[in-house]
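Below are structures written as structure tokens.
Each of the next two complexes has subunit A plus one more chain, namely subunit B in the first and subunit C in the second.
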Partner chain A sequence: MNHRTSTLFALFIAALWAWWELDLKFVDLFPTKGGAQIARDFFSAAWRPAIDYQSEFVPQGAPPFLWIVLQGMLRTIYFATAAMTLAVVVGVPLSALGSRLVPSWVRIPVRILVGGMRSVHELLWAIFFLAAIGFNSGAAVIALAIPYAGTLAKIGAEMLDETSDRAYHAMRGLGTGKLMAFIAGLLPQATPDLAGYAFYRFECAIRSSAVLGFFGYETAGYYLKSSFENLHYQEVWTWLYAFVLLVLFLEAWSGQLRRRFVA
Partner chain B sequence: MTPAQRERELYRNRSRSRFIRASNWALGGLLAVTWAGETIDFRSIFSPQRMNNLQRFLREDLSPWPLRQNPESFSWGDWILSIWNQHGADGLLLTLCISLVSIALAGVFGWFVAPLGARNFMHQDPLHRTLQVETKNESVLLPWICQGVRLLQIFMRAIPEYVWAFLFLAMLGLGAWPAILALAIHNAGILGRLGAETIENLDSKSSRGLFQLGASRSQVVASSIFAQGLPRYILFLFYRWETCVREATVLGMIGILSLGYWIDDARVRQHYDEMLVLVLFGAILVLLGDLISHQVRKSIR
Partner chain C sequence: MQSVSLQRGDTKVFQDFNLQVQHGEQVALVGPSGAGKTSLLRMMAGGIPSESGDILHGDASFASATPKELRSLRARVGFIHQDHALVPNLRVCSNIVAGRFGRQGLLQALRALIAPTQETRLEVLQLLDQVGIGDKMYHRVDRLSGGEQQRVAIVRALFQKPDALLADEPVASVDPERARDVIGLLTKVAQEYNLTLVVSLHDIALAREFFPRVVGLRQGKIMFDAAPLDLQEGQLQELYSIQNK
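Moving on, here comes the complex of A and B:
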């Protein structure tokens, strides 16, 4: 048995053990009475997403449903954009400080810091801030930004390590300072990869900021949750499809960008 | 022409992509709207009231409850051990188990669906053999199936795990399944896509050879594509497992008894000291997961 097979085998055994430990049964995958009704209603609504409020009692002067969807999606994007801005501003310098060009007495503490930022999930940071300073959109954005900055710093440092450092050392040899040699000799080569990765993380940030809605911030998750709890499944599907459309759009955009960068 | 003029002319005639420029403008606009708009409120974070809250939180709420009650007989070890025994160990075990079952399910489904999403393979003329082959009528459908599979994969991964879990919880009731299904669906979407891309980028020599010997698509998949693509796929699999551990922790907050449940429970009871310790337990699990995954990926690379 080669190394890969044994690795897969070990994972399989671990999963079996976990299955047994969780006492999972396939029978429980089939919902019981109440759940089955919800499942039927929910999935049959998939073919007809709502284009207007499902509720019969819509207050006078309420904006059209699709307008609410658009606003909710935009707010989701704003949360994600703000978080990504902070993540890039903090993460890129940290990735430089965590790369192998930096002496180990700086690099190792930076990597530990980055590991710490990454190891706590953004929603846990969010409830931490919720407990510490109360309900505030800025705090939620910072909560999102902390693990995202950490991840960007970690992957960025790996990318910088894999970049050829010949131009950097050539510039150093000519007497350029470390910082300038880094900015002019190393960073430009790694920029397309870094930008591509940041774009991908932006997509993730949009998902995370939608989930923040479950904690009361007015992003997509907020509306999705209340629609679901009011049994307005068609509205839920509208939100889900809006999300898929946004991801499709981002994918097309980043695909085009990648083609232009590589070509 | 002086060198300076020549330089300026070269600069003016540099190749520029309109698309990239438009993207930069769009990005700038998005940043401006985000930071100038009122959706995100940074200023009031520093209001005196919130700063008071923060101060109280850091000074009082986070210090261990028994320490506040009875400073003489307090021992850090006993306190942390009691939290570990109460909910910490159980929560961690459940979190780990959920992540393992989910990644195994996602890995299997993602892998077997991956060839269906590979565009160069799901083609009337797979891998562009340029060899005259009999084309069956059904194979006209293949590119459509491929697009359908890709769309489904996008749907699976576009919806956050948390939302999937929330929806399934209402249907399946309390238990581990909603979390497992949520993680498995989201990650099967991602892994299926990554697997398809891996297959598209494989060296096609051996597959072409098999095709020319008259092998069918499924035979080529079983004997050549799967064997060649697996090493890279395992790398992705472990990388996604890291994420699964993270997400499995948090999924507890909607009512599945993983670590997140007890973290949220401590928050609701306002036992923030306990919450901090549980979050740290979770962080240690995540770091351990990252470490294992890193070692495994290094060893099979």
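Moving on, here comes the complex of A and C:
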């Protein structure tokens, strides 16, 4: 058995084992009768997204539903922006310290730290910081920022390692200090890729920020969850469409910015 | 260079090597690939330390220099790399101001990179004008032709205000006509600024045409060190043919 066949065989055995451990049956992959009805209700609401509250009992003076959608989306963006800013401020220096330009006694501890930061999911960090700091915006922002800074640092270090270091070494040869040679000789060349990746991570941060709503923060996820629990599927679809629009807008915007960086 | 030795891996590149270059002198280093021309230039610039012996720059010694002194010594030697070693997606002006980073503190260097003073910009412009690309000051380097990029590399070295200018195969990948222009330009600016100039070259004809002193190097040894008129054809044939043995 050659290496490729044995790897495929091992993967097949692992898959079988997982199914057996989870007691999965093929029929479990299809909805139950009640579940099918919920799915039908949910998907049929896709054509009729809500433009007003679905509930008949709306408190007097409550702002219009679409206003709430706008506010929820904005709060989602605020959390993502604050977290991503912190992630860039922490992640870019860490990516430099984790690159091969730095001696191994610095690089290896930094890479271990970065590994630790990114191996714990943002929602788990959120649980930890909610307990440690309490329910405030700071806890959510830090929870998002830690794994994002870690991922940015890891990918950033790899990008820096792949960047041509000719200009860096030429500057060092003129007597330029390491930090300045890094800032002027290496960073500008890696910036388009780093910026492109940071924009992609910002899109991810928007999604994570929405999910923070499940912890009680008033981002899109908070309203989405309550609409879903109240079986207000048309409202759910309004949130989902607003979310898709936001992500598409960000993608177009970041694409434009990336082109400007590269041009 | 006094009794300099250098080993790379298992190969002895130089052993007990001596070479003296006077201030303001223009020297061409010729020899086949692997002769040690690049290593010699890099040692002269303080880029690689010799294992024994010393390299003196005026009265200053590379061997006994502290790290700080070494930085300041390096800042006195301009180096033009074969592949220019410029930052491709930065503007010409930003690449040139980097020439002086070795003499500047971090904040001063950052300022020169991000927002150079009017005085700096004028100085850069004058140098660019001198090499005929004054209109390219705010162009991105990767939008320039190979010849223009080479001029940017020369201006970066001049902006450094060095005492000596070292160039490693500056015409290795350009056509013969442009090669003459580049070497002509290098020797002209070196003369104007009273700089010592040491250039490694493959093209022996260029070396003889432009340089008053030609040093032939093979396997880390000086085969000849003479004025072009004193060079014998036999010496040149020996320099290149022995390598094929």
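The working rule: the second predicted complex is superposed on the first by the 244 of 263 C-alpha atoms of A that agree within 3 Å, B and C clash if a C-alpha of one lies under 4 Å from a C-alpha of the other, contacts with A are read in each partner's own complex, and residues count from 1 in each chain.
Everything that follows uses one rule, which is that a residue touches a chain if its C-beta (ideal position, glycine included) is under 8 Å from a C-beta of that chain, and two chains touch if they have at least 3 such contacts.
Note that the structure is predicted; figures quoted are calculated from it, not measured.
For subunit A, the partner touching the most residues, choosing from subunit B and subunit C, is B. Looking at the shared chain after the overlay, A:Ala14 reaches subunit B, while subunit C stays out of its contact range.
In the superposition on chain A, A:Gly35 makes contact with subunit B only, while subunit C stays out of contact range.
In the superposition on chain A, contact of A:Val27 is made with neither subunit B nor subunit C.
Look at A:Arg166: by the touch rule set out above, it reaches subunit C but stays clear of subunit B.
In the superposed pair of complexes, A:Gly134 makes contact with subunit B only, with no contact to subunit C. Of the two partner chains placed by the overlay, only subunit C lies in contact with A:Gln189; subunit B stays clear of it. Common to the subunit B-facing and subunit C-facing surfaces of subunit A is no residue whatsoever.
The touching residues of subunit B, counted against subunit A in their complex, run 17, 19-20, 23, 30-31, 33-35, 37, 39-45, 50-51, 53-54, 57-58, 61, 93-94, 96-98, 100-101, 103-104, 107, 154-155, 157-160, 162-163, 166-167, 170-173, 175-177, 180-181, 230-231, 234, 237, 246-247, 249-250, 253-254, 260, 263-264, 267, 270, 272, 275, 279, 282-284, 286-287, 290, 296, 299-300.
Subunit A makes touch with subunit C in their complex at residues 166-167, 169-171, 173-177, 179-181, 183-185, 188-189, 191-192.
Residues of subunit A touching subunit B in their complex: 3-4, 7-8, 11-12, 14-15, 17-19, 21-22, 24, 28-29, 31-32, 35-36, 38-39, 42, 75, 77-79, 81-82, 85, 115-116, 118-121, 123-124, 127-128, 130-134, 136-139, 141-142, 207-208, 210-211, 214, 221, 224-225, 228, 236, 240, 243-244, 246-248, 251, 253, 256-257, 260-261. By the touch criterion stated above, subunit C contacts subunit A in their complex at residues 45-47, 70-75, 78-79, 81, 83, 85-90, 94, 98-99, 101-103, 106, 109-110, 113, 160.
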